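The following pair of complexes shares a single chain, chain A, combined with chain B in the former and chain C in the latter.
This part shows the complex of A and B:
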């Protein structure tokens, strides 16, 4: 996964305790490069999104934007209360294509003008494709994150836009799995927070509903489902927590590195290994080694229950070779003994 | 032991064949490149785009231009090439040797800023290079109609194309994107064109009025250069430059 833009914010929100992630976001270049510089050897495992899924995503977007976004106009027409032909679309990739910073800044400038125009009652498109937003942090290294929703959709009630994202996941009946939903809610949360910040720049009275819109692809082919409105208040809060964590990590890395590159101080930073790291982070195995022989290595639940207890001590508590040091350990020992009896593990004599 | 020797020999043979295949592919790629250059007489992209625009008579999207270059002229154009073309054209305009015609961009109706993916010719009136709220759709439909017309002309033997089959598929893609019924292997050019022209007529007058009104205003405010390449974007202040910037978590 990337450590730029919205993805970085989603990862921070999912694991705010990880200082290694903070250093990785501060380091220029790719995640793999960070790994190579820390570990000293090339990253030789599978990395990134599957090619087939990237292709599907790109094709879904291409279909959705084709013909002045005909499929999107049809999908959003009833939400906007208009006929599909009357929906006005502006694709900012037509104005400034590309992913380089100068193109992003040009799109940011246009997006800001359009947000303002809509608030002031001037003509504004109902759907903005590939708008650009920005989420500032405090001055210092990495003082902002670029956030680029796939869409902004004008709310018919109050002339504010809401973020929307296209998802090419195969879903049936417009429903998706809990894990996927949690991730896309965080994405929408980051987009909404950035949007709220943009409105706050010129109109402090603008009330932005804590909602975002998701458009999934139908299982047969790549046509969009009806848009689904998500409540993302929780996602916005999680992103705020993630940004606050990033500011703490940034401070700690800066205190340690004394002008050197962030990867040089990784050994002094605190990792926070969790199960999901194995699917999302190149540093997962490296961090896992640092909790080897400790309860965290058994997974998130064991880590939460046993804290940073070493496995040998937990085993000793279970077999009775080690006396519990306090009430907490006594409780753990009792549960471990119960578990051992259920699974026919013999106590030491 | 003899089995081991055979495996080694097979490995050597495989390596030799792979080398041969790589050489063959390289030769083929060079030949294909040479052929497409030769068929265009090595014409630069700029000249080909100017010709296509003159033929179409309307601004065209760079995505459509790129997808037409292959079937019509046998040239594969990477999308980044249009970015370079835009910069080259601006440099050429700023140089001391004027050209009779420049490639330029469409302009937004309200700010006069460049819409970089839509290309036009400097010898067209300003109103035809302006994009109003509905112009994106009108220009898409006109581009689609033109592509279908090209495919029909090639099908009737009225003009030639490097790859007529691919041209038909580009035309069918345009028809599908316009929301028309498309069946595999069938190319009802006239039906497609009739439906597209009906949609253009529905929005055409309003769009033309917006563009003409905007052209009057923009021609009074924009320099000659900005009328071709767009007015400059306003400056954007990036966070981090001043301690007064507020964080999103404050």
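This part shows the complex of A and C:
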């Protein structure tokens, strides 16, 4: 995964306790390069988005935006309470294509104008494609995060926009797994928070509903499902916590590095390894070595049940070589002894 | 299993360097006569199958590699479609249940997506449409608790053993197998090394095994190639896909063998009958996904009944599960303290069971049974025993001739009877009446009338008459 833009915010929200993640976000260049500079060895696992995912994502978007976004107009028409032909769309990539900062800033400027126009009752598109938003974290290094939803959709109830994201992966019956849903809700949360910030710049009375919209792909070809409206109040709060954590990590990294590159101070930072790191972070194996002999190596749940207990201590409690130090350890020891007996009997049988 | 028990099992597994069984019975019935396996390789995000291995599990599989899986031509899927169709016909001919082994749930998802793509595709050949329908039937049955059609090797092993890995790592079938292989001396290291390469029905794409990128590049080159060069590229693609899908197939075979080697008995005839009936009906009459409120409620009821039946069947057959359930009060262990039966072997018969357990989950009028017997009854009284523990009074409704447990001093284990009743008649009536709350987007507009001057309670009373 990337450590830039919305993805960085989503990852911070998922693991706000990890200072290593804070350093990775501050470090220019890729996450893989960060790993290689810290560990001194090439990264030997899969890294980055697969070609097929990139290609499908691009095709799905291209298909949705084709013909003045015909598929999007059809998909959102009932939500907007309009006929598809009456839905007005503006694609900012037509004005300023590309991912360079100059193009992003130009799109940000147009987005701000359109948000304001809609709020003031001037003519504004119902759907803005590829808008640009920004979340400031200044002053300090990395003073802002660029946040780029795929869409902004004008809410029919009031004159504010809501973020929307196109997801090219195939879902059946417009339902997706809890894990995937949690991740995309965080993504919408980051987009909504950035949007709230943009409104706050010029109109502190604007009330933005804590909702976002998702459009997934049907199993057949590139056709989109009907949009799903998601409540993302929890996601917004998680992103706020993630940003607060980032500000703390940034301060700590800056205090330690004294002008050097962030990766140089990693050994002095506190990792916060959790199971999900194995699927999302290149540093997972490195961080895991720090808990290799502890209960946390058996997973998050074991870490919560046994706390900081070393595995060797748990083994000692089981064999009787170590005396329990308190009631909690006594309980663990008793159950481990019972369990060991039960399984040795079964083995003998 | 609760978090505490799960953690202690992991500690024990890590200490012994082997997987620890957590069940004494299997949640899967023995393989029926018609048992097949399927392993797939899909394109990530596209969800298009690019290779399939399928066949009987004691033979070499048939392998299909798809050079252009995104194309509209589905001729290359014909052998798979024919195999699925023949398997279904063969099972019906010998009146056998069906069993499909897959390495993990991703294979099932791939089959479901395949089903979604073709089961109503009017331009596809009939055999492919039938294949799509069978895939949908398989995937639908797999979501019903207690089903006996699909055997997911990774999920079965996860449900029956615990390893010294984190639960997340156990999603990798190869990693679990390292803990079940006595020749592996360091299963932690071995499992984590295996996890480097995916076991999730996709091509590996690590720096030392970049098959996914290679296939992508070869397909691009193939588009502009002709003659011998094109054949060479096709062979290279086929070679990689074949290796990848056979790796998945071998995982499936090893996973199945490891599960069967656990040697767990099963007693699931009720679940087998239910599952077989559902699958047979769908294969004979076609697959119709639930869309209307009535069908959705029926489906939820079927799932709830499956959950109830499978949980109770597992409890009845599995002493380890009963140990865990007893700690949570779901199973009551005790001694028959009183038997009130005027005429031995006849109703009425009431018993009292004294248990040391302070917390039990039974409630008045719950139907219960005594594990390992034909004795069943209804809870008619619950009282706290003077020295702690609980006394349960039960009216025996069946098995009154079973003297060995209906005797003072007999040790018994009590579990709830499964409640698995689907009220089709009520659902049918509701469907006929089409209540607006379920069948309409908005409430009906009622004409306003002048007030009758009656109180709401009086109106309600009148309506009740």
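By definition in this document, the second predicted complex is superposed on the first by the 331 of 349 C-alpha atoms of A that agree within 3 Å, B and C clash if a C-alpha of one lies under 4 Å from a C-alpha of the other, contacts with A are read in each partner's own complex, and residues count from 1 in each chain.
The criterion applied here is as follows: a contact is a pair of C-beta atoms (placed from the backbone, for glycine too) under 8 Å apart; a residue touches a chain by one contact, two chains touch by 3 or more.
In this text the structure is predicted, and so the values were computed from the model without any measurement.
Peer 1: Does chain B (first) or chain C (second) touch A:278, or do both, or does neither?
Peer 2: It touches chain C, and chain B stays clear.
Peer 1: Mind working out whether A:139 is in touch with chain B, chain C, both or neither, as first, second, both or neither?
Peer 2: First partner only.
Peer 1: Could you look at A:8 and tell me whether it touches chain B, chain C, both or neither (first, second, both, neither)?
Peer 2: In the superposition, A:8 contacts neither chain B nor chain C.
Peer 1: One more residue to check, A:109. First (chain B), second (chain C), both or neither?
Peer 2: The first partner, chain B, only.
Peer 1: Just chain B (first), just chain C (second), both, or neither: which does A:18 touch?
Peer 2: neither
Peer 1: According to the stated criteria, A:302 is in contact with first (chain B), second (chain C), both, or neither; which is it?
Peer 2: Once the two structures are laid over each other on A, A:302 reaches chain C alone.
Peer 1: So in the superposed three-chain picture, is A:151 touching just chain B, just chain C, both, or none of them (first/second/both/neither)?
Peer 2: neither
Peer 1: What residues on chain B touch chain A, complex-wise?
Peer 2: That would be residues 61-62, 79, 83, 108, 111, 113-118, 133-134, 136-137, 140, 144, 177-179, 199, 202-203, 233-234, 236, 238-243, 245-249 of chain B.
Peer 1: Touching residues of chain A toward chain B in the complex: what are they?
Peer 2: 66-68, 70, 85, 88-91, 93-98, 105-106, 108-110, 113, 123, 125, 134-140, 143-144, 193-194, 197, 240, 243-244, 247
Peer 1: Within the complex, which stretch of chain A touches chain C?
Peer 2: Counting only chain A, the residues touching chain C are 42-46, 50-53, 56-57, 168-170, 172-173, 219-220, 275-276, 278-279, 295, 297-302, 304-306, 311, 314-315, 318, 332, 335-336, 339-340, 343, 346.
Peer 1: Using the touch definition up top, name the residues of chain C that touch chain A in the complex.
Peer 2: 3-12, 14-16, 20-21, 43-47, 112-113, 116-117, 164-169, 196, 198, 204-208, 212-213, 216, 289
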